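In the two complexes below, chain A is the common chain; its partner is chain B in one and chain C in the other.
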Partner chain A sequence: MNKLIQNEMMKLIAKKRLIVIALIIGVLVTLFTYAQYKQVQTQREKLGTSDWRTILQQQIIDTTNRLSSSRMQDEWKKQLQISLKQQQYYLDHDINPAEPGAPTFMRIFLENSIDLFLPLMVMVIASDLVSSEHSLGSIKLLLTRPIKRWKVLLSKYITLCLAVSLVVAITGILSYLISGIVFGFKGWGAPILTGFNVTETGLNTSEVKLLSLWKFLLMDFGLVWFVSIVVGTLSFMLSVLIRSTAAGMGVMLAALISGAILTNMVSSWETAKYLFMVNLRLTDYMKGTAPPIEGMNLSFSIMILFVWWAAALFVSFFVFTKKDVY
Partner chain B sequence: MICLNKNVIRSITVIAVFFCLVWLIGLGWAVGEYYAGKPENIPQTNTVSDKVENKKGLTIVALGDSLTRGTGDETGKGYVGVLIDEIKEKTKRPVQLTNLGINGQTSTQLSKQVQQTEIGRQIEKADMVLVTIGGNDLFRGGQGLADFETGDVAAIEKKYLDNLKFILEEIRKNNRNANVFFIGLYNPFIDLDQGKEMSKVVRHWNYDSAEVSAAFPKIVFVPTFDLFELKVNDYLYSDKFHPNTKGYRLIAERVASLLTW
Partner chain C sequence: MEKNITLSVKDLKKEIGKREIIKGLTFDLREGEVFGFLGPNGAGKTTTIRMLVGLIKPTSGSVRICGFNLEDHFQDAMKNLGCIVENPELYPYLSGYNNLLHFARMLEGIGEKRIKEVTELVGLTERIHDKVKTYSLGMRQRLGIAQALLGEPKVLILDEPTNGLDPAGIREMRQFIRYLAEKEGLSVLVSSHLLSEIQLLCDRVAIISRGTIIRVDTVEHLLANRERVVWRISPFEKGKQLLSSLTPIEVKEDGTILTEFNEQKTPEWNRQLVEAGVSVTEINRKMPVLEELFLELTGGDTIE
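What follows is the complex of A and B.
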């Protein structure tokens, strides 16, 4: 088994996928860092101050004014009200919600890449793990060896999990190093609030907890990793089912993008909450924003993702061990 | 296949396993913390920290309702924006504006707003404070026109004056030196049937507001009633309530003429 994993690992590294992914992440992080830097600067110019309390207070007033406009969708209104209350809570407790520094950048980057960007990167690795063996013809060599088929597939799956862990780690390290050059490397101990409960009546702040940013980040990374593993497993399944890598990637891509679109408009279609792609934004629960569909919470989303994960894994192994190879 | 060093692959695998475990711990912790973690008591701050900063330029705080916000001005500036532009031009100093105006704000709401810690801190930093309030108390967004009875207005006005006194006290408590300009009301309905009666109420309202302001040092009541007395419709936005760009310019120029350096 160990040998098999080593073998798969070698194939993965020889394909240089990880390096390509690292490059993509590096370029994107650089872009975002620059964008963020520009945004901070224009904001500073506009308000004439770098004092975060003034900026936050101004944001609160601006949101209040937007809320007073009568032509506004109810949902959007509710989300604004929640973020308004949260901002006021931060201000009342004298905590900067976005302490400048690389760790905060990492947090924002993770929160924004959890539902599309990182799954895409994972897909790049996962979607041809099995199907490429078909197109190269090497699957026959692999299966004619005196090793059980499920062991072959398991070694591939474990390699996938390891690769996903590496991708998440690369994301963290690169975003820290690159953004740190601009924003500074400090800020791990900055306080951050979690435990905001979004209920039907609005935002419940009675269970709010104060955390250090590094703890919060570790949790965020755990959630990001979980999402990546689930998406990776689904692409893995498609890679087993569909011989063509391009077709498998296309299906996964469509699912992910539809998820990003759906989260913005599903609130009236309640059963959509059982789709995996609507449940990808796990970090939002930590931050305390309104879920896309009422009644969703962290454990619900994790359960749904877990079910999809288990089903995908089962299908992969079932099909792979039964399927004829020619 | 490219021949790869076995040790390289082994070490990459080990690193991957390590991160896999770290992320797994993170995941477990996240779920645990989300459910089991007990809420802490996070202290509210009432102390005002780091007072002196950005003292190169002028700091101006604008409080109040939609007039402060600039509703009705196509350029979005409002009288505050126009005034700031003028000050910048005259003094050649950087000006930092904090516009805290909220559409539809009444004097009751403003008296709550000025009690907030952060608002207090903003006022404390200010070199100048601009206030518009009362329009929504009296006119209630145009509604006041329909059910305007003198008896009713007297009760509303009394409440308003109490609030105003409280607001100005709060401002003075936080900042003893800044000049405060309190902008009076104009009568947007002057051209309508009941315009004359309405004007009387507004004049009375303004007089009482000026009286309250006069009790405080360095609080200047700025009348705007006369600015809109003739040809009111030239200076009103299409809602016939808020000033338009020209109307805001009038108010800004009046305030600008009062500034001293």
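What follows is the complex of A and C.
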């Protein structure tokens, strides 16, 4: 089995996928770092001070102003009210919500890349793992060795898991290093609030507690990794089912983008919560943002993703071991 | 002396949907022989070969490689088999050596020594560390063979091995296959849609059409009495009358005459023509083309 994984790794490296992905991540992190830097600067200019309390107060005033607008949709309003309460809570307890520093940037970057950017990167690796062997024709050589088919597929899947872990690690390392140059590398111990519960009556702060940022980040990374594995497994299944890499990528891309769109508009279509793509923003539960559909929470989303993962894995192995290769 | 049977196929069938593609094939391969699998495109050659190498599951029937049933003892059976199905599709982004390493890792106990051996055998030593995408088609074909030979198989299955090769490449490939069978004692199964190729390469041939084997025989038997001679003579009428008095003839539209080929009689006919004052501008031995052979064997059944 080790030798098979070595083979898959050799092919993956020769295809230079990981390097391309690392480059993309590097470029994006640099862009975001610059954007964040600009944002901090303009805020400072506007308020004439770098004191975060004034900034937070300004934000609260902004939010209140927006809330008083009558043309606002109900769900949007609810969300704003919740974030208003959060901001108020930070202010009352003298906690800086965006403690500047590389770890904070990392957290923000992770939270924003969990539902689209990282899944896309993972998809780039996963979606041609099997289908490229088909389009190349090398599948015929691969399956005419004295090795059972499920072992061949398992070696590919393990390779995928390793590659996904590597991509998540690269994301963490690059976002820390690049943003650290601008914002400084400190801030691991900064306190951050978590445990907000959004219920039907609004924000429930009874379980709110303070966490060190590094603990929070560790949890974030766990969630990001889990989401990436699930998305990777789904792309892997499509790669087994659809021979053309482009078609497989297209289907997965459509699913991911529709997820991003759906989360903004499905609050009245309740059964949509069983779709995997509206459950990808796991880190939002840690922050206490309102879920797209009522009744969704962290364990629910993890369960849904787990079911999709298991089904995709089963389908992949079932089809791969049974199907005739032409 | 009956030689060992290395590949045994019994009543192999394949249905796709309700259509029966392969309708019960039975044949054996013996040690050290080159066995031709001859049929037009669409006769079921590739489907059959894919069933022999485990890519397609047969609907019924059995394939035994060196005594191991392919379905029940896949690993043991495949250890004795090397194959190229259609073109040898190796990884273009890896070097030739890494390709061989890749497939050696999938076999037990095959290491660098054997990789070096097969590289030398197919004459790729100089270019083995170059990327496969820089290889010519002939080199890819040779690398494909090297890959198939890695596990020291008893049976080698090659699907259209000369496809896309230039004449020199075809000759080289032919000699190599003969060498493997005669000197290394491999059983080689070669598929082709070209009768001429099979004739030069194989000891025995199975002719397949529409998913059934029409005939299995040695090449000599198959082609016996089927060779023709093309005559171009003048004056035409006189020559025609003389020839038709000697043997049944067939007049072609382009002004040539066809007769059967007979080792003893054909020179005799020529002599008689010359003596009668007919000048012979062309005598040409002609192999039957596959289509004609088919027409004869199937009794007018056309190729799909």
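FYI, the second predicted complex is superposed on the first by the 326 of 326 C-alpha atoms of A that agree within 3 Å, B and C clash if a C-alpha of one lies under 4 Å from a C-alpha of the other, contacts with A are read in each partner's own complex, and residues count from 1 in each chain.
Methods note: a residue touches a chain if its C-beta (ideal position, glycine included) is under 8 Å from a C-beta of that chain, and two chains touch if they have at least 3 such contacts.
Since the model is a prediction, treat every value here as computed from it, not as a measurement.
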Chain B versus chain C as contact partner of A:Leu143, first or second or both or neither: second
Touched partner set for A:Met10, first chain B, second chain C, both or neither: both
Which of chain B and chain C A:Thr194 touches, first, second, both or neither: first
Which of chain B and chain C A:Ala260 touches, first, second, both or neither: neither
Which of chain B and chain C A:Thr54 touches, first, second, both or neither: first
Which of chain B and chain C A:Tyr285 touches, first, second, both or neither: first
Touching partner for A:Ser299 - first (chain B), second (chain C), both, neither: first
In the superposition, chain B vs chain C on chain A residues touched: B
Residues on chain A lying within both footprints (that of chain B and that of chain C): 6, 10-11, 14
Sites on chain B touched by chain A in the complex: 1-2, 4, 6, 8-10, 12-13, 15-17, 19-20, 22-31, 33-35, 37-40, 42-45, 49, 53-54, 57, 69, 94-104, 116-119, 121-122
Residue ranges of chain A touching chain C (in the complex, touch as defined): 3-4, 6-7, 10-11, 14-15, 136-138, 140-148, 322, 324-326
Complex contact set, residues of chain A against chain B: 5-6, 9-11, 13-14, 47-51, 53-54, 56-58, 61, 64-65, 68-69, 91-94, 161-163, 165-166, 168-169, 193-195, 206-211, 215, 218-226, 285-286, 298-299, 302
Chain A-touching residues of chain C, taken from the complex the two chains share: 50, 53-57, 74-79, 81, 83, 85-94, 98, 101-103, 105-108, 147, 151
